[in-house]
Amino acid sequence: MSLGAYLAVAAALFVLGLAMMIARRNLIYILMGIELILNAANLNFVAFSRHAANAGTEVALRGQVFALIVILLAVAEAAVALAIVLHVFRLFDSIRPEDPDLLRE
Amino acid sequence: MPPGFGHADLLRLAAIPLLPLVAFFVQTLLGRFGPRKGDWIPVLALGIAAVLGVVEFGKVIIQKPWDPAFRAEWPGLFDWIPGAAGAKASFGILYDNLSATMTAAVGLVAFLIHLFSVGYMHGDRRYASFFAHLSLFSFGMLGLVLSDNFVSFFVCWEVMGLCSYLLIGHFSEKPSAAAACKKAFLTTRIGDVCLFLGIAILWTRLGTFRFTELWEAVPRVLAENGGAYPGWLVAAGLLIFGGAVGKSAQFPLHVWLPDAMEGPTPVSAMIHAATMVAAGVFLTARAFLFLSPEARLVVALVGSFTAIFAATIGICQTDIKRVLAYSTVSQLGYMIAGIGVGGIAAGLFHMITHATFKACLFLGSGSVIHAVHTQEMPQMGGLRRRMPITYGTMLVSTLAIAGVPLFAGFYSKDAILGSVLAHAMERRSLVDALPAIFLFVAAGMTAFYMFRLLILTFHGAPRDRHAFEHAHESPPVMTIPLFILAFFALSGGWLFGRSWFLQLGKGLPGMVEPTGHAAEVEHEAHGLALGGSLLAAGLGILLAFAFYQWKKLSAAAWAQRWGAVHRCVKNKYYVDEFYLATVVPLVLGLTAVQRWFDVRIVDGLVDGAGALGRLGAAISGWFDRWVVDGAVNLVGWLTQLWGGVARLFQTGRIQTYVAFGVAGAVAAAALVLMA
Amino acid sequence: MERIAFALFAAVALGGGLVALFHRSIVHSAFALMATFLGVSGLFVLLGADFLAVVQLLIYVGGILVLILFGLMLTRPDPAERKVRRVAFVLTAVAVPAALLVGKIAAAGRWAAEEGKLPEPQPAARELGLLFLLKDAYLIPFELAAFLLTVALVGAVYLARQTPPPPPPEEPR
Amino acid sequence: MPSTYAEDLARILPETVLALGACAALVADLLWRGRETRRVGWIALASIAASLLALLRQDPAPAIAFGMVTVDGFGALFKVFVAATLAVVVLFAASAREMPRHGAGEFYFLLLSAGVGAFFLVSTTNLLLLVLSLETLGLASYVLAGFAKGDRRSAEAALKYLVFGAAATGVMLFGLSILFGLTGTLEAREMAGILAGKAADPATGIALDRFRAAGPAVAIAVVLALVGFGYKVSAVPFHWWAPDVYEGAPTPVTTFLAVASKGAAFGALLRFGAALLPPGGGEGATAFSGKLGHLLALLSALTMTFGNLAAVRQNNLKRLLAYSSIAHAGYTLMGVAAMNPAGFEASVFYLFAYYFMNLGAFGAVIYYARSTGNEDIGSLRGLGWRAPFVSVCVVVFLISLVGIPPSIGFFGKYYLFMAAWDSGLGWLTVVAAANAVVSLFYYFRIAKALYLVPESEAVAYHRPVPALAALLGLLTVGTVGLGLFPKSILAACAESVRLIF
Amino acid sequence: MGWLSSIDVLSWIVFLPTFGALAILLLPSAAKRAIQRVAFGAALLAFALNLWVYLVPFDRTKGAMQLVTEANWIPGFDIFYRVGVDGISLPLLLLNTLLFVCAVPASFTIEKGVKGYFALFLLLETGVSGVFVSLDFFLFYVFWEVMLLPMYFLIGVWGGPRREYAAIKFFLYTLVGSVLMLVALVAVYLDAQPHTFSIPKLQELAQRGALDGRHLLENGILLGLPFQTWLFAFLFIGFAIKVPVFPFHTWLPDAHVEAPTPISVILAGILLKLGGYGMLRINFPLAPQAFHDAGTFLAVLGVINIVYGAFVAMAQTDFKKLVAYSSVSHMGYMLLGFAACTTWSVNGAMLQMLTHGVSSAMLFLIVGVVYDRAHHREIAKFGGLSQRMPLYFGLSTLGIFTSLGLPGLAGFVSEAMALAGSYERFPTFVMISVIGVVITAAFFLWTIQRVFLGPLNEKYATLPDISAREVVSQAPLAVLCVALGIFPVIVLNWQGPAIAEFLRLLAR
């Protein structure tokens, strides 16, 4: 397969993630959207990594290392995000993203 | 520098204006603490100045007898505004026949007025400052006549404006006085700015302020311009004359002078006789060379119209000082008109004689007012017996102003009438004849109203018994000046006057000696004028007596004795009736129209400058509030609006934020891709 | 064969994403998301990153997704969420093709000279692990990632911990 | 010359000390069962001081530790900046109204952890480390924003920060992945050569001017990466979170976000900008640099204008300062947009100016909020007469914020104006100048409330905590003194910027 | 800090008040007397030093800068601490220090926050003095801005009922002006080759035509207009706001009316002059070409100021506002004089700044006297005050007649020189301007009539005459009103060579 195909899939995932963050009326969806975006980036990194497969181990694996770290990062982020969402839910008694709007112009 | 005039003369001449100035400062700062509230300081200063003036004048006459070209000049005594050679403004002294005469006359009259005030103002609340201002006033006039350039001239000119303001407003608690002083200053100031502009034009074009240099430059300019006056010079001349119109109370800026009567009587005397109004005439004479022929005609017309115009008003005034005031306006018209037609000497001559008898008249009226505490003539009458000295001196002065032969006014008025008549006969056009017509008619009216004044005040039976009982002759400090002034009113014409002024006139810049046909015409005119003026004066006096002294009965007797005036005799009653039925309403009507014009239009223009200003200011204020401030507020409002837009974005919803962020990123990417 | 595999995994990933985005039920969406993760994991395998694929499975499916489900259970789904906004449709309809296009363009520019099949993958799982031990390679990211996890843990615990209701904030009067 | 393990460790000593300090604070609090809040604070302060000490004792020669941590003067400058902010925040936390009683250990732990993230952020050109440090800083900040647990506004702030931050970092990550793909390396310094075609792509061995060959891809990648920075420095249009979060978060946290987090993000932006687009990078690079400069200039103009205009309407002090800090980000971006050393220097200098005046302003907010019980401008009525010392300091800060001499804010603005104009952005200078006028509108509402309005009796006078007062005094002296004699800071800025180019 | 050791007499004049302010800050708030004494002492000392400089070391035959001190301030930025005076700045500096001395006794009525008041007051003096002695554009700007804040608070805190509005309006207007100046400052610096802020050097560059924007813009053209035009416009607006020139004048009446008396004195007496000084020192010499092109435009503005200001003044019912608007009118002469650019007109314009500084300061003190007693300033509600307060009446008359340009008093010389000097170039405008002269006389006299003359308003029958303290404030000004009218050489001789130098810089 060509590199472009992977990139296209990643781009599509990225957009889906963004759309999910913007369009759905549930904080949980926003968390899912973030994961989608991170996945898209990871797909890119791995694809590029493969693309450099012939350039020696260190170079060839840079992308994979990055992806690995990003996965760790996603975990951390998910944990904090969930904690915050639960915290908000507790205080506002709502899971809708538009409900916390005490702070506005 | 003429021989015989040196440093000592400079010192003496400089002392003449400076003494009153020093007196002013001393009196202002210390006067009130001194004995007699310091009144002796200005009196002393003026006395010395007057003596110096007379001494120097005598020296001119003796050392340089009848030399028309006499001129002593000390330029640059005090550098006021330094600058490149010609551009600087400095004070200096120009002492020629004209200033010599003026210095002596002004000094003397001013001194007498000071003296008179000691008695008249006795017990006044602002006695000390009155003398200070009076002294400054004298400084202004003396400095003005000795000025060698337009700058110092203008400074003194304005100083007089200030003094007139302060002195007219002396009784400032009277609203009418407060209004009058403002009116005087403002009206004259309109003239002043004209004068200023005129000076500015001359200075810009010719590069100097000094009279002598300017006089030398004008022929050069004329030569360059083919003998004709260039436009700027015409403008400059007229503008300078504008200054004279204001100061000398010529139509249409005459309105301040009658109101100036609100000041104490010595002030009126000062303004009407020695200073202020004379300054305008003096200026016109000094600036005669800058006046183009057309401008001179304008001058003559303005003057003559003012003369008749004021005279008609003077006829129906009952306030003694107002009559005198209009009389002054009228007489000033004579002077101006005389200068306008080229009779500079005549105009100046009249100014000097007028100064003496008008001062006397004012001081006399002051004496009367002092005695009866009213200015209304209908409440007087018969005072002759109570105040013989006042009556006598005033009689002399009235005779002088009326133009009775041997009295001073006769000679000077005759000279003017001769000049205007000559002018009319030479030019032979209606416009050029108008001054003559006006002035002759006015001459008759002058005699009429002046005698009317005299008769109503001093003759007949007392109309107010109470006032009469309390009236008494004034103290010597007031009567002595009257005597002196009356003496000059009596003798001023023949003592030194006529011939002196004829000589003086020859030396004035811009004077042209008539030759050939013109000389003949002039001679002829003067002959005619003599008769005409006598006739006018006689008629006026007679009418006055007929109407006010003898009433109807006496009028008949008068008609019999003077058969020569047959027609008048024959129409004795008819004249009376005519006067009552037609002339009076006519004159009254005319006066009313003039008054109306005066009050509504001229006063309206001057006083109403305020109203006009307020209107303009209201518009400006509106502009200020709505447009200029509005722009500022608009900015604030726009900022607020922007804030509103911001609020539209800042919804408080996180998803919107993300959406906006994404949109922003897309836009940014698009921008970079497109660029 | 690779083509088919790619198509399959890509379809699973994208399809999962689409379903997750549009499905009315959040629970369904969560499971659709699992499909996406699986698909991406498959793509990783195709790209020769076997180790990563496993990690993806373990962490995403086993960790993150579980976390999300916990979240679902601990909160109360909103009945209004049953309606999916039209916005999402529009966004997707416009943006996904645009993204594909842009991705294609981007790729074309960079890789125009060498378009074609990707090079063969190298067996890399061991090397990947070893890389982290090299001083000049990924020691610091590794350490920092660990620290980051600690931070996340402390933070999450702090927020999630049920403290006794805090005393009313001291309001100075 | 390869360095030894020990040397490298020594190079990251400041970060290590800070991280250990964070842990120590956490553990100590646990051991003391949350009863010794103050002591925990001292521990935090001590570790910051130790970290600073380590920083100052560092070998000044630039070096790279562990292959990706750049240790140089530029980083040190920003670390000092961050550490100094941290110290101030610790002090603020001691006197802030809205800090919860419990959780001091967590607070200081998270705060110092965020500091560790910021430290790494300003000392790397490596994409991986960039992402990691950004996330460390971010995650800690999210929680910190929501630290006032009972407060709904605080929770909302945390949520908003989280969502926007996660989205922005996600987008940035995607952009970085493309950048990586284009060059095959994670090191920005190497990328510059590869992109410009001066060095071979490690993946393919081909040297190609990719600015020209792959222009759109580079552009998209860079713009997406910029989103992450833009969000962190709160530049329009990625600033949306900022007002809400700044308002909702506890004031010390807001201070941290507005000063340290933003400053560190600017440091990273400058470092990456300089590394990625060094001057003389070739034709394509220069053209791209120009384009990017214009984009940044536009963002700068938008940011300052929006920030200022929006601030005009605010009545809440914190929110007002939030918008003002957006506006100041706009000003700082002016120097970045200049895309040359002079511009970068100006930006760095302005950050220092920003440090003094903004910390001062936030400190005053904390003090006033304690006195009045809220953060409304209206409740400051006549407080200037009751609290003269603090209020005089505030006026000095306001002067500096508007940019009136003699204050550091003025010189910073002047420097930015000059740098911008010198690189052909005259229009931006004019826009910025106009903005300075607008900013007067709202800054001086504070001064007006303090002095011009009659006093309100309802407000009790609280003597400020001595430490806070001393701090404000110090900041005031700095604001004026460094405004008059900016020589020392200028030299440091110039030196540090020289290092990254 | 090296320059501190080489500090010179001018710097002492500038910074003495600052030290005074610091000393005041160290005094306890309760020690009002001590604070007042320190303020008076500092102001007096600065004035004495200044007078000494005026009389002794200053060589008035030279047009060049004198007593120049230069020290590197911010190295690397070509920013120097560079001070010096010439015949243009020295008289203004002297006026400034004098007015501050006069304003201190007038401030003794201030009750609220005395400490803050005098500290800001002295700080203000430093700012103003600094502007006059600065030879470095950057330093000039810094001092220019230093004035802003004290003024804001002095109006805003110690002002009248609408002080907030007035203060912010003042601040906003002036800040707009200074921001424009800042932009110009940056542009000039960048365009000058070699880069410099030295005002004399910049002037020389501009005179050679080297300040044409070619180093900054393509062909020195921006949006179709040459760089010089832009430069001129930016600087001019900056300074015109301060003057204030129509239509930027609306801040002035508000600020004046709301400000406490001594601050009005400073504001009218010296702050307005800064605008004119800035034009003379920086605006015109730095953009000579544009200045010549804009001559007529400037003259029109000047005439508008004269006539419009006078008319608006006439419409005022508030004594203080009337005086404020009269300032607008008076500054028009200055602008007209500058625009005409002849020896006389510029000399007159410069002198106008000084004489107006004296007369308007005096008028504001006069208004303050009556306001302190009657607690209002409605002209129409007074009347006949001259009967109860003769000394006050005398001083007022002097001030008013100076202001309306009576020969022999200060105002006349300057107005006459400005008008006569301008006639050469703008005859028509001068003709129109004299309307302003008449109207000025009209409203001032009308004011005298309504306030001082006429029957006494019984409400004010018990007003005490002017006190010794108030006389102390006004006496120096009164003396100057007369002295400058009779001996204008005490300024003209000083400024002449410097103005010749200025005209040389502007020669085509």
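We just call them A, B, C, D and E in the order they show up, numbering each chain from 1.
Definition applied: contacts are C-beta pairs under 8 Å (C-beta built on N, C-alpha and C of every residue); 3 or more make two chains touch, one makes a residue touch a chain.
The model shown is predicted, which means the values in this text are computed figures rather than measured ones.
Annotation of chain B and chain C: jointly contacted by A, D, touch as defined at the top. Each step here moves to a touching chain, and the least such steps from chain A to chain D number 1.
Common neighbours of chain D and chain E (chains touching each): B.
The chain pair with more C-beta contacts between its two chains, of C-D and A-C, is A-C. Averaging Cα atoms per chain gives one point for each, and the point farthest from that of chain B is the centre of C. In terms of Cα centroid distance from the overall Cα mean, chain E ranks first.
Among the other chains, the CA centroid farthest from that of chain E is the one of C. Centre-to-centre, using mean CA coordinates, chain B is 80 Å away from chain D.
The distance from the centre of chain B to the centre of chain E, with each centre set as the mean of the Cα atoms, comes to 39 Å.
Centroid to centroid, with C-alpha atoms defining each point, chain A and chain B lie 99 Å apart.
Put simply, the C-alpha centre of chain C and that of chain E have 69 angstrom between them.
Along chain D, residues 128, 132, 135, 139, 142-143, 146, 149, 158-160, 163, 167, 171, 178, 181, 204, 216, 220, 243-244, 310, 313, 441 each make contact with two or more other chains. Of all residues in chain A, those touching 2 or more other chains are 7, 10, 14, 17-18, 21-23, 27, 30, 42, 47, 51, 54, 65, 69, 73, 76-77, 80, 83-85, 87, 97, 100-105, listed in ascending order. Taken residue by residue, chain E touches two or more other chains at 172, whereas all remaining positions touch fewer.
Every pair of chains meeting the contact definition is listed here: A-B, A-C, A-D, B-D, B-E, C-D, D-E. By the touch rule above, chain A contacts chain B in their complex via residues 18, 21-23, 30, 97-98, 100-105.
On chain A, the positions that touch chain D within their shared complex are 7, 10, 14, 17-18, 21, 27, 30, 33-34, 37-38, 40-42, 44-45, 47-48, 51-52, 54-56, 59, 62-63, 65-66, 69-70, 73, 76-77, 80-81, 83-85, 87-88, 91-92, 97, 100-105. Contact residues on chain C toward chain A in their complex (touch as defined above): 2-3, 6, 10, 13-14, 17-18, 20-21, 26, 29-30, 33, 36-37, 40, 43-44, 46-49, 51-52, 55-56, 59-60, 63-64, 67-68, 70-72, 74-78, 80-81, 84-85, 87-88, 91-92, 95-96, 98-100, 102-104, 106-108, 111, 115-122, 124, 127-128, 131-132, 137-138, 141-142, 145, 148-149, 151-153, 155-160. Taken together, the chain A residues at the contact with chain C in this complex read 1-20, 22-29, 31-32, 35-36, 39, 42-43, 46-47, 49-51, 53-54, 57-58, 60-61, 64-65, 67-69, 71-80, 82-87, 89, 94-96. Considering their complex, residues 127-128, 131-132, 135, 139, 142-143, 146, 149, 152-153, 155-160, 162-163, 166-167, 170-171, 173-174, 176-178, 180-181, 184-186, 202-205, 243-245, 247-248, 310, 313 of chain D touch chain A.
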